[in-house]
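Shown next, in C-alpha cells, is the structure this report addresses.
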Amino acid sequence: MDLSHIYFCTPPLHIISSREKYSGMSDTEPISDERYERCLAQLENMGGKSVQSMLGNIYDLSPDLAKITVEFPYGEIISRPGLDLRSRQIATVAALTALGTAPVQLRAHIDMALAVGCTEEEIKEVIIQMAVYAGFPAALNGMAAAQEVFSAREKRGV
Amino acid sequence: MDLSHIYFCTPPLHIISSREKYSGMSDTEPISDERYERCLAQLENMGGKSVQSMLGNIYDLSPDLAKITVEFPYGEIISRPGLDLRSRQIATVAALTALGTAPVQLRAHIDMALAVGCTEEEIKEVIIQMAVYAGFPAALNGMAAAQEVFSAREKRGV
Amino acid sequence: MDLSHIYFCTPPLHIISSREKYSGMSDTEPISDERYERCLAQLENMGGKSVQSMLGNIYDLSPDLAKITVEFPYGEIISRPGLDLRSRQIATVAALTALGTAPVQLRAHIDMALAVGCTEEEIKEVIIQMAVYAGFPAALNGMAAAQEVFSAREKRGV
Amino acid sequence: MDLSHIYFCTPPLHIISSREKYSGMSDTEPISDERYERCLAQLENMGGKSVQSMLGNIYDLSPDLAKITVEFPYGEIISRPGLDLRSRQIATVAALTALGTAPVQLRAHIDMALAVGCTEEEIKEVIIQMAVYAGFPAALNGMAAAQEVFSAREKRGV
Amino acid sequence: MDLSHIYFCTPPLHIISSREKYSGMSDTEPISDERYERCLAQLENMGGKSVQSMLGNIYDLSPDLAKITVEFPYGEIISRPGLDLRSRQIATVAALTALGTAPVQLRAHIDMALAVGCTEEEIKEVIIQMAVYAGFPAALNGMAAAQEVFSAREKRGV
Amino acid sequence: MDLSHIYFCTPPLHIISSREKYSGMSDTEPISDERYERCLAQLENMGGKSVQSMLGNIYDLSPDLAKITVEFPYGEIISRPGLDLRSRQIATVAALTALGTAPVQLRAHIDMALAVGCTEEEIKEVIIQMAVYAGFPAALNGMAAAQEVFSAREKRGV
C-alpha cells in the first residue's frame, strides 16, 4: 500500500477560533461533524478498527476530546513532513510499550504500524528492544498486546 | 490583576493548513513570528519569566515545537471555557508534581498559578496532597520546586 | 552495628503509640473498628460506592492498609484547611489521569469530585487538559474512566 | 557513513554467537528448546504456575523474547551471588508495586517471593511501605494483587 | 449540596486533632518542634547527613510537610513491625531506582540502607537487578547515585 | 524450605557459566577486560563520546553492570537482525523522551541516532511527536536534550 501521497487530513482544512471551535457553546463548530467523520474514516483506513472504536467511545461523552485527538495528533503532528509514517509508528509503538500505561492505544498503534508497512517481525523487534530501556515487564506486556493485534487481524483476514 | 476578561490568545486567529503551517518548507507560515511574539508576551504576562525563557531556548532549535506549544496547550486547551484558570493551574501543578519528570515546567506552572490568583498556601497544599497519590518523594521534590519559585519571585519583587 | 533490637525510633516517642496502633498485635487499637466504620461511612457519603467497595476489599486482606488509608490521606491530608475540597479533587483527578496507573482510584475520585460540587463539564476539562501534560492516551483513558463513573451514577439515579 | 552492512559488533566477538542464538535464522540455537524447557521447569518450581503461563503465552508469539527472559533476568541476574533470593524478591515486589504498570508480573513475583521464603505478612509490609514512596493507589493496587495471589495459592492448596 | 462549611470529617472524629496538629493555626501542635527535632536526630543517626539536609530545606518552606514526612513514613510505616529495617531499605532502594524520579531521596535511602546493615555489594545487586524490571537506564542512574553516596561516605570517614 | 544452598538454576545449566562470568569472584571471566574494551571502542565509534563516558563512570564502581550493559543491550538486543539500526535508534529516542527519567541516556542515544544515519530533522520530529503520547513537557525536555547533543557535536566538529 503506497501511502506516500497522503499525509493525514487533506485540505481544505480547518480551525478558526479555538474558542469557538471547542467550546460547545458556539453556534459554528469549525470542525464539523461531517469533517470529523471524513477524518475518522481516513484514520480507519490507516489503522484499522481499533482506532475507530476507541474514538467512537470517547465521542459519546466528549466530542471535543475526540475531535481534538483527530485534529491535533493526527491532523497536525503525524501528518508533518520530515519523518516517514513507518518511522513515526515505530516511535509510537516504542514509547507506548515503554510507558506501559496505555494498552488500548498501544494495540491501536501496532495495528497502524502494520497498516503503514511495518512487518510483524519489525514490531516484535521494537518491543523486545524495550526490555532494555523500560524493563522486561514492559516488553512482555507489549508482546502480549502485539499478540492480540496479530490474532485479531488474522480473524479479520487482513 | 483581573484576568477574567481574557482567555489566552485573542482573535484574529489562526491556522490554515497544518501541513503548510509547520513544515518550515512553506512560503507562508500561518503562525507568523509576529503573532508568536504577541502570544508569548501574553503568556509572559500570566506566567512570569520562566515560560518565556523555557520557550525561548526551545525556539532556537525548533521554532515549530515552540509555536505548537504556544498554540496548542495555551491557545487551544488552557483557553477553553468550562474551567477557570485557577483550577487549571491547580490541575497542572498537581499533575507535574505527581509525574516528577518535568521540574522546569513545574516551576513555570507554579509561577503561573500564582499569577492567576492562587496563593502560596494553596500551592503548598496541592503539593502536600500529592504525597498521597504519588508518594512523599514527589511531594518533597514539588515543594523544593515551589521554594525556588517563591524565592525567585521575592527577588524579582513580585 | 547491631540494629536488630530496634525498629525505628525508641521511646518515649509517639512512635510507640503508632506501633501499637497499626500492629494488630496490640491490645489497644487507637483507630478502633468502630471509628474506622464511622469514618468510612462519611467517606461514602462524599464519594459514593466506589470508595467503600475499594477499601472494603482491601480491608479483608490488610485491615492495616485500609485503616491507614482512611486515616492518613482522608483524615490528615484531605481534611487540612488551606485548600477547598473541590480544588483538592481537581488536583487528584488531574494527577491520577496523568499517572495513568490507578484506574480504580481515578474513578473513585471522579465520583468524589462530583460529590463535592464539581460539574461533569469541569471534570472533562481537567481530563482534556491532561493531554497537554501527560499525552493523549492519558487523557483518553481518563475520559473513559469518567464515562464509566457518569454512567454508573445515572444508573444509581444520582 | 554507510552502516547498512554491519549490525553492531563485528567478529571475532561473542556477539556473532548471540546473533545466531536468537535470530531464529541460525542452524544452531545455543539456547536449545530442551534447555529452555528445563530452565522453565525450574522457574516454575520456584514461582508457581503464574510464571509458566506468562512465559508460555509469550513463547507462542515470540520464542526469542521468552528465551531471553528466561536467560537474562533469571539466568544472569537473579542467579548472581551477592544477594539472597528472598531479598531479591522483596526488591522486585517493591519495584513492581511502585511502578504500577505490570500487574501480571507483580502477581508472578509475589508468588515467587512466597516460594523462596517470604511470609505473607512480609509481602504485605513491603506493599504498605510503597504508599510512602509511590503513593496510596500504588499500595492499594499492590495489595489487591497480593490478595489474588494468596487466594489462588489457597485454592491450589499451597 | 453546600459543602463549604465542612472540610472532610466532622467531630467527634480524631480528624479534628489532626487538623489542629498540622494546620499551623492551632495553639497546640501535637507534633512539637522539640519532638520533631528529636525524631530528626534519630533519623540522622540512621541515615546520615542526607536525610537531615533534605528535610531541613523543606522545613524552611513547609514545616508541615517536613513534620508529616517524619511522622508518617518514618514514624508510622518504617517503624511497623513485620519486616526488618534492612529489608525495608532494600525495598525502598529498589523502588526509587525503578521509578527514577527521585535521585535525592534515592541517595538518602542508599545511605540509610548502609546504616542499617546492608553492604555496598548488596546495594549494587539491588540496583543491577532493576535493569530487569525498569530498564538499563534506571539501573545505570541508580548506580551513579550509589557512587555518589559511597564517595561521600568515604570522605566523611564512615 | 531451605533455599540457602542454591541460587537459581543448578548445574548442568549454562547459568553456572553466567555466574562465573559476572561474579568477579571467578578466575575465568568470559567477558574479558580486553573484549570489553574492544566492544566499548566499537560502541564509541557508533555513538560518540557520551556512551564511553557514561559507561566509563559506571565501570569504576560496578564493572559488572558496565559489562552487562555492553553485553546485553548492545551485544544481544541491538545487534539482532530483523530491524535496522536507524529504526532501533528512533525507537530508543522515542522511548527515552517519553519516559523522561533518563536524560543522560537520551543524549547518548540521540548521538548514536545521528551516528547511524538519522538526520537532526528526523530526531526533532520524533521528539515533537512525543508531545502527543507523553505530553508537552516530555517533548520540550527531549528537545533540550537534542539541543545539547547538536551543540556538542558542532563543537567537536562532527
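Letters A, B, C, D, E and F mark the chains as written, and numbering starts fresh at 1 in each.
Simple rule for what comes next: a residue touches a chain if its C-beta (ideal position, glycine included) is under 8 Å from a C-beta of that chain, and two chains touch if they have at least 3 such contacts.
Just so it is clear, the model here is predicted, and its values are computed rather than measured.
Listed here as common contacts of chain B and chain C: A, D, E, F. The most distant chain from chain D, with centres taken as the mean of CA atoms, is B.
Chain D and chain F, compared by their mean Cα positions, are separated by 21 Å. Rounded to a whole number, the gap between the C-alpha centres of chain C and chain F is 39 angstrom. Between the Cα centres of chain A and chain B there is a gap of 27 Å. Touching two or more other chains at once are residues 64, 68, 72-73, 77, 80, 82, 96, 98-99, 101-102, 105, 124, 128, 130-138 of chain A. Note for the complex: chain C touches chain F at residues 98, 130-138.
Residues 54, 57-58, 60-62, 64-65, 68-69, 72-73, 96, 99, 101-102, 104-105 of chain F touch chain E in their complex.
Considering their complex, residues 72-73, 77-78, 80, 82-83, 87-88, 90-99, 102, 105, 121-122, 124-126, 128-134 of chain C touch chain B. By the touch criterion given at the top, residues 1, 3-4, 7-10, 13-15, 18-19, 21-23, 25, 31, 35, 38-39, 42, 46, 64, 68, 71-72, 74-82, 84-85, 115-117 of chain C touch chain E in their complex. Chain contact summary for the complex, chain E toward chain F: residues 99-101, 124, 127-128, 131, 136-141, 143-144, 146-147, 150.
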